[in-house]
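Here the chain labels run A, B, C, D and E in written order, and each chain numbers its own residues starting at 1.
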């Protein structure tokens, strides 16, 4: 049961990673990072249960927190440069 | 009672996993940023909720359950906000959504 | 099943690393470095290294990405193509070092073997005796804060040195006094973000304190708590603008607190020396040795948490203060 | 308090640095920093006396015995070096007050002294520790503060030089980390004494060979051995001159100490030379380093860069001493580490005086400076003579033992090359002397006054030490001989 | 020489070399620091894989008999991560100052500007 969920989340992470590599515009990459972060949260939660040590959920909280802060950080600094430097989409 | 809970949590976990994969496939295959955004954020919140509730049922000690609820609340609060901020920033920077062909023409005509 | 997840994570790491080599857009590189930190943190969870996963996630995925983005906001986004002459020189050198490394792995004990010298010589004493001698469940914290406490003191000094270095390089003494600057934050239009942040920041600070004092029983401790504490201030500074943040945290106060954290750590050690014991010997704090260890570790973690939090705030504010010169905004 | 001596010399500067950040005012911070350095110097003297009479001292942190806790081990190998580092730091710090006024903006002085204290604490920590991973932590402390100190230089090139030093230094430190990791993997312990016991039984495995190779490359990057020295000339040339005086005299010597401690102390004599053809590598690289660096030094116009290249050459001598792989060779290296510290300290402090007056040390703008700044140039001359190895100076003593070590193997070509190296150094010292003494003072140097006493006095302290230890070699030679015997005897 | 046992270490060695390559081959100063972070993180992964025992749990003591992985590499890596972030922070501060004084963060442009003046 856990293995199925863990495997599914792992595949989802892989796909999100491909989007992060290929993503034409920077926003696709930010979206991929956000999805990737949430999937890591799920993976660690499921793995914690699978390895029989469910009390590791503090780590999951930090993942979610850091994911949120880095997405906000990327947006703030990207928008900040967007004003100074014209936005050149690949 | 024990059996039903197991089945429910099993169902939640597997379906959550399936949702994750569908969201990720949507992320890969959709044509432009905004449709990918839709695919990712919708499945994100729902899949996370389902998997965490599935784990919630399985958890033995109450401490773990409290932690799971905290994580669930945090993710439910932050991930839509991040999605919102992302879309606002994209629109602000002038990223145009790709409209279907005939609507694209009428919009051009209208402008 | 764990083997599949390990292999999956490792291959993702390799893919991210190769993508980082090829991508020229430095913003994307910063984000992929963040993803690299996140994957390696999850790999550490698979390797039972919970405290390290905690720290790597908060530092590798959080702080280093933010610092890199702040720098890129100043230095520009795109990188020039790398010169052929340099890559021709670099490739053989890298392959040579790689070959030497692979050559070195041939005699290594195989992965996960329980009888390798690493598991038999020094480690068993920590695992078996730390319950009686120090009495806290988290063996990593007991080794970090008691058996090898001087390493951690060196580490706090390293973080303090980085703070002093960044201050010495980027400190700006010509910033207008806080009261006179009108608060024009760049994120006015993101009203949703500000409301959510206003709700979240107290929760994050509370979570930081929980991690600080939970270090003995579960994953956590001074470093992780310090970084989480500082990330709450980063969120506030990013959304409400640097001037509002500088009103909240006065830069000279932060420097004094950073110095104070190191001094707390140092005096915990020196107190032991004054009463005849060796440096950092906690048996001075109370007659019952196990209770003394608890007190000692508590002081140590407090000093570490204080220093790490304040130095991270110093570094972030000094970097953002520098970019203010460029944009003359917020 | 006597029992805590082995740790006091590191703890005092480490506690003084944050205290200075709280004090914030420039002259107060300088006073506290100088007091802390002088206390460390006094503690180092006490340690040396204690080691001389009662042999190696061991100090366990937190009361946990050796392989589990961290242990400080002071013996004849590191006691004299502790003295050198804290002594040079005290002398240079005394000159720093006046010298950095011309080179560093006022609001950075407090942070400068704090970074200085941390760098000294890091170097002292590396010398005293008996734990392999602790060496890495204190190596990082000293390196990070050294990058900051170098980046405070007036010229924008200091930033670029500091960045290159950061990249090279971090790669070196990561190689050392890989070496320590592989060593830990094969033995399970981090304590140096414990490592030296447990390594011989696994020394045949390829992992230990790789660990040894990575460790040596990492340390050679840190001590700027010939092919890996690219970062050093710029870093020492564009840093504030007082920082160069401190780093040139100490940082590379500490890296050589790490090399000796790990090569002889842990890996053992036979392993070190059998598995890897280290002897020939060290000899060739050392000699090549001497000649390439000396020749490069001849063509430099910037005096600091000239002396930086001569430092790379002198490091070549140190490595040649190690390459000779006999007792006198090791003794010659230990001796030359001390002597070179004194020589380079004196020379760079004299340069600090010149830079204080002239703003920069370009040879083309120093015509006839000796008539204007007699004392500084006299100090520079004696330092130069000591560099060449003229009798009655410290340089002569170490060259003498280096040559005798080579002759013990009766390798005539090596001894010849060592003497030829001194001849080449005559050329670039003469080039400076000729410009400064025999050229008429032009308008650029006409109105220059003598350097202030607060820079001159420390310079002459080091010059006097140069001469004293050149004549009365009983102290330095005696200690280094005992150290060499203890290392070779111990194997 | 069992394949599965050493497979982890080989991937870690490949990651190290990719990081090392970036530091040497790429000219952009920020990219070099990213390469340095990759190089150090993969050294940390090597340390941690050393300490893992098959079927053991994390070194946090629970009641009853359990096999624990080795806590010592974790302590070393906690220190090394902090050293890594300190070096990156200082490196980035230098890059900002270099950008302000040279107005470029490409290695060859900076060297060219150095030769000119």
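Simple rule for what comes next: a residue touches a chain if its C-beta (ideal position, glycine included) is under 8 Å from a C-beta of that chain, and two chains touch if they have at least 3 such contacts.
All figures in this text were calculated on a predicted structure; none of them were measured in a lab.
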Item to check | For chain D, the least number of touch steps when starting out from chain A | outcome: 2
Checklist entry - If we look at chain D and chain E, which chains touch each of them? => result C
Checklist entry - Counting C-beta pairs in contact, does A-B beat A-E or the other way around? => result A-B
Checklist entry - Of all the other chains, whose mean CA position lies farthest from chain A? => result D
Next on the checklist: Centroid of chain A to centroid of chain C, CA atoms only: how many Å?
Outcome noted: 19
Next on the checklist: Suppose each chain is reduced to the average of its Cα coordinates; what separation in Å results between chain C and chain D?
Outcome noted: 32
Item to check | Rounded Å distance between chain B and chain C, as computed from the means of their C-alpha atoms | outcome: 29
Item to check | Centre distance in Å when chain B and chain D are each reduced to the mean of their C-alpha atoms | outcome: 59
Checklist entry - Using the touch rule from the top of the page, what residues of chain A touch 2 or more other chains? => result 7, 13-14, 30, 51, 55-56, 58, 61, 65, 67-68, 72, 78-79
Checklist entry - Taking each residue of chain D in turn, which ones touch at least two of the other chains? => result 133, 137, 140, 144, 147-148, 151, 178, 184-185, 190
Checklist entry - Among the residues of chain B, which ones contact at least 2 other chains? => result 74, 78, 81, 85, 92
Next on the checklist: Can you work out from the touch definition every pair of chains that touches here?
Outcome noted: A-B, A-C, A-E, B-C, C-D, C-E, D-E
Checklist entry - Which part of chain D faces chain C closely enough to touch in the complex? => result 3-4, 7, 11, 14-15, 17-19, 21-22, 24, 59-64, 67-70, 107-108, 111-112, 114-115, 118, 121, 125, 131, 133-134, 137-138, 140-141, 144-145, 147-148, 151-152, 178, 182, 184-190, 198, 202, 205-207, 209-211, 213-214
Next on the checklist: List the residues on chain A that touch chain B in their complex, please.
Outcome noted: 1-2, 4-5, 7-9, 11-16, 18-19, 25, 27-28, 30-32, 34-35, 38-39, 41-42, 45-46, 49, 54-55, 57-58, 60-61, 64-65, 67-68, 71-72, 75, 78-79, 82, 87, 89
Checklist outcome for this item: Listed in rising order, chain B residues that touch chain C in their complex are 74, 77-78, 81, 84-85, 88, 92
Item to check | Residue ranges of chain A touching chain E (in the complex, touch as defined) | outcome: 51-53, 56
Checklist entry - Tell me, which parts of chain E touch chain D in their complex? => result 16, 20, 23, 29, 32, 36, 39-40, 43, 46-47, 50, 72-73, 76, 79-80, 83, 86-87, 90-91, 94-95, 97-98, 101-102, 110, 114
